[in-house]
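Take a look at the structures listed below.
The following pair of complexes shares a single chain, subunit A, combined with subunit B in the former and subunit C in the latter.
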Partner chain A sequence: MSGHVILVEDEENIAEAIRFLLSREGWSVDVLGDGTKVVETLQNVKPDVLILDLMLPGKSGLEVMQDLRSEQLLKDMPVLMLTARGQSRDREMAEQAGVTRFMTKPFSNSEVLTAVRDLHAQARQHRTALSPNLTDQATLAQLNRVTEV
Partner chain B sequence: MSRGALTGSRIRERRLIKGMRQADLARSVGISASYLNLIEHNRRRIGGKLLLALAQVLSVEPATLTEGAQATLLAALREAVAHLPSDELQRIDEFAERFPVWAEAMVQSYRQTQSLDATVRRLSDRLTHDSHLAASLHDVLSTTAAIRSTASILAEPDGVDEVWRTRFLGNLDEDARRLAQSSKALVSFLDNSDNYDTRPSLPQEEVEAFLADNGYYFAELEQDGGSIQSIIKNSPRLVSNASQELAVRALSQYAVDAQALPQIPLIDAIKDVGVDPAAIALQFSQPLHVVFRRLASLPETEIGRLIGLVICDASGAIVFRKSVEGFSLPLLGSSCPLWPVFTALTRPHRPIRRRVRQHDGGGKDCTCLAVSWAQGTVDFDRDPMLMAGMLILPENTDAPDVLALGASCRICSKEACESRRENSVINNL
Partner chain C sequence: MTLLNLLAIVCVLYAVILFAIAFWADRLAEQRRARWLISAPVVYTLSLSIYCTAWTFYGAVGSAVHSGLEYLTIYLGPSLVMISWWWGLRKLVRVGRSQRISSIADLLSARYGKSNTLASVVTLLAVVSVTPYIALQLQSITQSIALFAAADGQVDFNSNRIALFVTVGLAGFAVLFGTRNLHVHERHHGVVMAIAVEAVVKCVAVIAVGIFVVWGVNGGVTQTLYSMDTSSIGVWQVDGSRWLTLTGLAAAAFVCLPRMFQVMVVENDDERHLLLASWAFPTYLLLMSIFVIPIAVAGLGILPSSANPDFFVLSLPLALDHQNLAVLAFLGGFSAATSMVIVAAMSLATMVSNHLIVPLWLSQQSKRGGASMSGDVRQVLLLSRRLAIAGILGLGYAYYQLSGGGDALASIGLVAFTGIAQILPALVGGLFWRGATRSGALSGLSVGFTIWIFTLVLPEIASDDILQPLMQNGLFGFGWLRPLALFGIAGIDPVVHATLWSMSLNVVFFCLVSCFSFPSPIERLQGAQFVNVFDHSTSAGGWHGSAVQAEDLQVMSQRILGAAEAQEFFRQQIEQQNGTGPLPDPTPAFLERLERELSASIGAAAAHAMVGQVAGVSSVSVEDLMAVADESAHLLDYSNRLEAQSHELTITARKLRETNTKLTQISRQKDDFLSQVSHELRTPMTSVRAFSEILRDTSDLSPADQSKYANIIHDEAQRLTRLLNDLLDLSVLETGASALNVTRASLNTILDRAVATALAGEKNPITVRRSEQSETFFVTTDIDRLTQVFINLIANAQKYCTHSEPEVEIQIALVDGRVIVDFIDNGDGVDPLHQDVIFEKFSRITPERAGGSGLGLAICREIMTRLKGSVQYVHRINGSCFRVDFDHSDR
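Right after this comes the complex of A and B.
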């Protein structure tokens, strides 16, 4: 089981390591280095999972979440938030912003892989529950186009 | 009872502190024990040679015996017991004079409490607002995350191909260096955990401590070609990158000012006209605020008097402070809004002179000279960035009409002040 991940991370070496890990498991990974173009990118390319750093140049992860959840087509997208700020207040704010899972740095590679797999699986189950016949990407894309109209 | 009338009580107090018997003290100054007894019970006035002799044997200044507790001790004591009913406060002189050691102990205890309170507020503020600390921690954790992730990949039994291996090793080396640097800065920042009350914590505080350590004077920069970087490199105070950047800015300004107002001609001018910023500005064709900065940077031995300086930005935030005895500058929180430096912000480019006195904590009469100026580029399409500076010149004489002001609301007892932001901890004075 694999799919498409967009990773928003300004630390190049973290991004490179995560991209390597996911790519090796068959995921296609695109990396963005700041928060300014995330929503615009997601409107054109809808990934299966979004990995989002909290502290980003341009626009913070929480601001990205706010924009994301206000978009009808993106509001259910599974989001794994990575952060060096592990205070309970940050976690609460992330949950309120609609983050699906919260992970503090430094994390292990297996934690990231497991989280991405879980989020993807949950999203698929959710979609199947909504419409059992619509499980493949092509059909979902078709549904999205219909919804847009 | 007047202060002078209690001279005998003070002699007795000092004798007991010294552990002397009445008879021994009397013998050492050539009087009888019964006469000393009368003196100690304030039934005989003394002065002249006998007073000097007693003071010498008791190892105190004669004035300590005749005038009692110093004014600063009394002022501090008033602050410490400000919560007491006013009728009790009226007896504060008597208490300080009868029991000077207890009074000093009480003041010391109060000062310690104040210091601890300031530490608590500073730590709380740091945790909440210190972007430098937050950024340092973020840097350390992010770099650690990169190292952990990369190292785990390299340590996998199946390994990675040579291209990726070379690339990840390069990343590891880069991150390890970065981690070493950011960890060192963080450790220095958090070091001396038992010394929170004196340790500078924020970049601006580090720079202020650095400037104070150097007496605000940098001989290397008085000449053309002085190296700012070498000054900063040799300063143990400037721990963080942020404080080093601030220090570079401050010293660069210093060097520019030193070129505009060279030390030797400036000192000659001061000898001619005194510490008169307007006359100096005219003589050197320089703006007043540059003269302010130069006067505050030269050694007091050269200028011949103490000078303090405060510079704030348009928000009222103090961005530079050089304290001077007789005018208290709070380290925490906002300053008194009555300071002329803030008035100067409302009257751009108009010099303001005010004779002021802080009426708490042993304030002296000070002449404050303030002016504001536009910093940076001035253009038609944007508002100027205003700054204001205030030179503080303590005076040795008391003027009848002075502007009464404080250091900050929290420790100011001025009643019915329209500018008060918060209640004072000092009441009923």
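Right after this comes the complex of A and C.
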């Protein structure tokens, strides 16, 4: 039950670690080093889960989220946001921006793996349970509610 | 029936008659009947005769026996005042009435800005001067009764008890008729009428004795003149200075004595009465004095040499067995004494009560925290005035007792005159000179009062053992401070001496201090009011309702009290008056109540002024207006204070807002910094944790991966260490916690060290170009810190220079005693967008990882600030240039 993950992370070492972890579980992982090309990439290749760093060169994680959620095709995309800032203010802003799950660095490897698996499973459930043309705002909000790690 | 019994009966009868006259006159005045009599000018003139006391009545003959014509001065002074200065008196009367003056102390107080200090000084002066004078009257009564007792052959005569009876009786009369009315400025018709009758009695008595002597004893005018010429007192010895002084003192006393002020100003019904008095009163004095010499001559001739010349008027008829005439003469003396005592007690009591007791009581009340200006004040006023009368007469009696009732009293008259004359400069100055001030009056009075006490009262009353050394050596041993020879001028008559010094210094101080002090506004206005009294005064007094329109009053009241309350008040007043009409009658009582009602809303002064305006009968006095102005001034002052406070509050609020903004900004900066630090710390920690878990959990890791991941952990741990070091370093620099370690080194050495450290371990070190000869000078500063800056800048060039053959050139320049070191590389330079922020903390602008903490330039800037220099980015077309600039402290 693995799929495709796109990881947006500017710290090479962290990207290397996450790629290593997910690859061993059978996920295919693509890494982007900054936030500028994320939406463009996602329109071509739609991953099962997007892992997004908050502080990115070029375009911040929050800005990427706004672009993402305004795209009709991408607004259901499960997003795991990582951040090293770890202030409660950041978490609120991430929730408002529609992040599915929020995780503070440093994390344990198992946490990341569990989170990615959960997001993937939830997304699949919703896709089968709900009519694809359902665009009701309330339901969307419910869908996008951030679940804490 | 013995002579004494006859005298007692006549005295009691006479007293009863006087009480009856006083009572009857009060009744008539109350019912506003027989005004032709009550307010007759002749009654006014006669009431002025209280000037002639027993001292004059009996003592003039004694004075003539001792000093010849000198007695005339006592009559001459007032006559001169009456004849030549009636216009001045008219001004005094007008001022007194327009200002509702109650006493001479009140007059001075009113003139000099309602100063109670001044009033109390005058009151004190008056009490001190007049008390012995009252004692003198008591003495004359008892001594004259003693003469009758001696004629009766009685020896166990108790003069003290007589004096006590007389004192109590006089006190009773004064209380009964002098304190019937609450308003001090209302007339005491009963008292005035009684003393007018007494004036007639004493004049008739003296003339009767005179006629008896001239025609009954001497046998006609010719013989009388002859006997005068042959008598020992016929040698007229006139001492010019003493004559002048006594005349002047008598004139001054006539104006300034409290009792004279009482009858002349306070009791005056109409200032036109002065017209009659101006000639009739001198005539009265002439009648009182004309037979003095004949009586003196006859007394000397007929009576034994042991007889007291002071009582010739009485002892002559007694000796010649004319008992009825003697009784008449006694009644004359009795009248003179009693009328003086009664009026003096009344006037002094008013002063003592108004200026000493009531102010004290009020201050006590306000201390206790509830000075209610209600009815109980009136009760207190009445009570205090009655107590004051009793107290003053008690003082007089005590003085009489203590002085032993002997001859010591005879000279008291002139002493009292001199004392009371001290008021004259302030009084006349106040009436005619607008420049006179309170301070002037106060200092003049105080100086005059002190000198009078020292030069005249002290020698009179002090016992010999105190007096002798003082007379010999002067005060504090200063020879020029001898009571009878002040400033070394000896050999003058004591009264002349005292008058000369006290009056002249009084005047000098009054004028000089007045010139050099500034009057308060109310003083200034009162001064104008007094000096120009004829320009704008009308008759004063309470409200007289006739002219008042009740409707106008209601309109005004509604405006102030509000319609409902005003109508309720007016309705109550109609009920009280048992009236039937729509409006109450504007009686004085009603107007007073209305004024009180209004004053609760707008203050007493404003209420008085407004009722006065509507009533239109009593002019609104300057005092009223001043009080209104004062009240408004208080309000204005209060509102000004409020405004100032509000302004201050606005400023404080603005400062607080500014501070708050600043604090918020600082707080946000701190939050941002914490976020950044958190990010910078967590990022390497994430790698460390992730890879250490991988190493731990992955058993099948290839050796190459193992080594690679261990290296990453190692690098990230080092990065963490660097970051922490830099953070601590920056914190130390920012708080200034470390002291500078200033030493001396050549720039050349410093740069060598910096280049070596910055490029140590670099695989491809950047080329450094220097010109050694320009680096050969020494600098004195914190060498380690400066080196740290250089290392940072060279390391930055190494890290960020993007050129394929990177090089950095170090240029040195010395400008105006400052060292300028430029680090110029051949890279792309810093984007102009970022040039402003590169010195901020964590402001890394390049995406790629350069391994720095993001604090390097911030630390450089901090160090250079501490070294009193700077580091900045200088824009160049190609390459970047960091310029370090610091003081070349090496001389």
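Brief remarks on what is shown
Assume the second predicted complex is superposed on the first by the 130 of 149 C-alpha atoms of A that agree within 3 Å, B and C clash if a C-alpha of one lies under 4 Å from a C-alpha of the other, contacts with A are read in each partner's own complex, and residues count from 1 in each chain.
The rule is simple: a contact is a pair of C-beta atoms (placed from the backbone, for glycine too) under 8 Å apart; a residue touches a chain by one contact, two chains touch by 3 or more.
None of these values were measured; they are calculated from a predicted model.
Contacts of A:85 after superposition on the shared chain: both subunit B and subunit C are touched.
In the superposed three-chain model, the partner touching more residues of subunit A is C, compared with the other of subunit B and subunit C. Contact with both subunit B and subunit C is seen for A:109 once the two complexes are overlaid on the shared chain. Contact with both subunit B and subunit C is seen for A:21 once the two complexes are overlaid on the shared chain. Contact with neither subunit B nor subunit C is seen for A:3 once the two complexes are overlaid on the shared chain. In the superposition on chain A, A:98 makes contact with neither subunit B nor subunit C.
Contacts of A:33 after superposition: subunit C is touched, whereas subunit B is not reached.
Shared interface residues of subunit A, touching subunit B in one complex and subunit C in the other, are 11, 13-14, 16-18, 20-21, 55, 84-85, 104-109.
Across the complex, subunit B meets subunit A through its residues 134, 137-138, 140-150, 152-153, 160, 164, 167-168, 171, 174-175.
Chain contact summary for the complex, subunit A toward subunit C: residues 10-14, 16-18, 20-21, 24, 33-34, 55, 57-58, 83-87, 90, 104-109.
Contact residues on subunit A toward subunit B in their complex (touch as defined above): 11, 13-14, 16-18, 20-21, 55, 82, 84-85, 104-109, 112.
Listed in rising order, the residues of subunit C touching subunit A in the complex are 671, 674-675, 678-683, 685-691, 693-694, 697-698, 712, 716, 847, 849.
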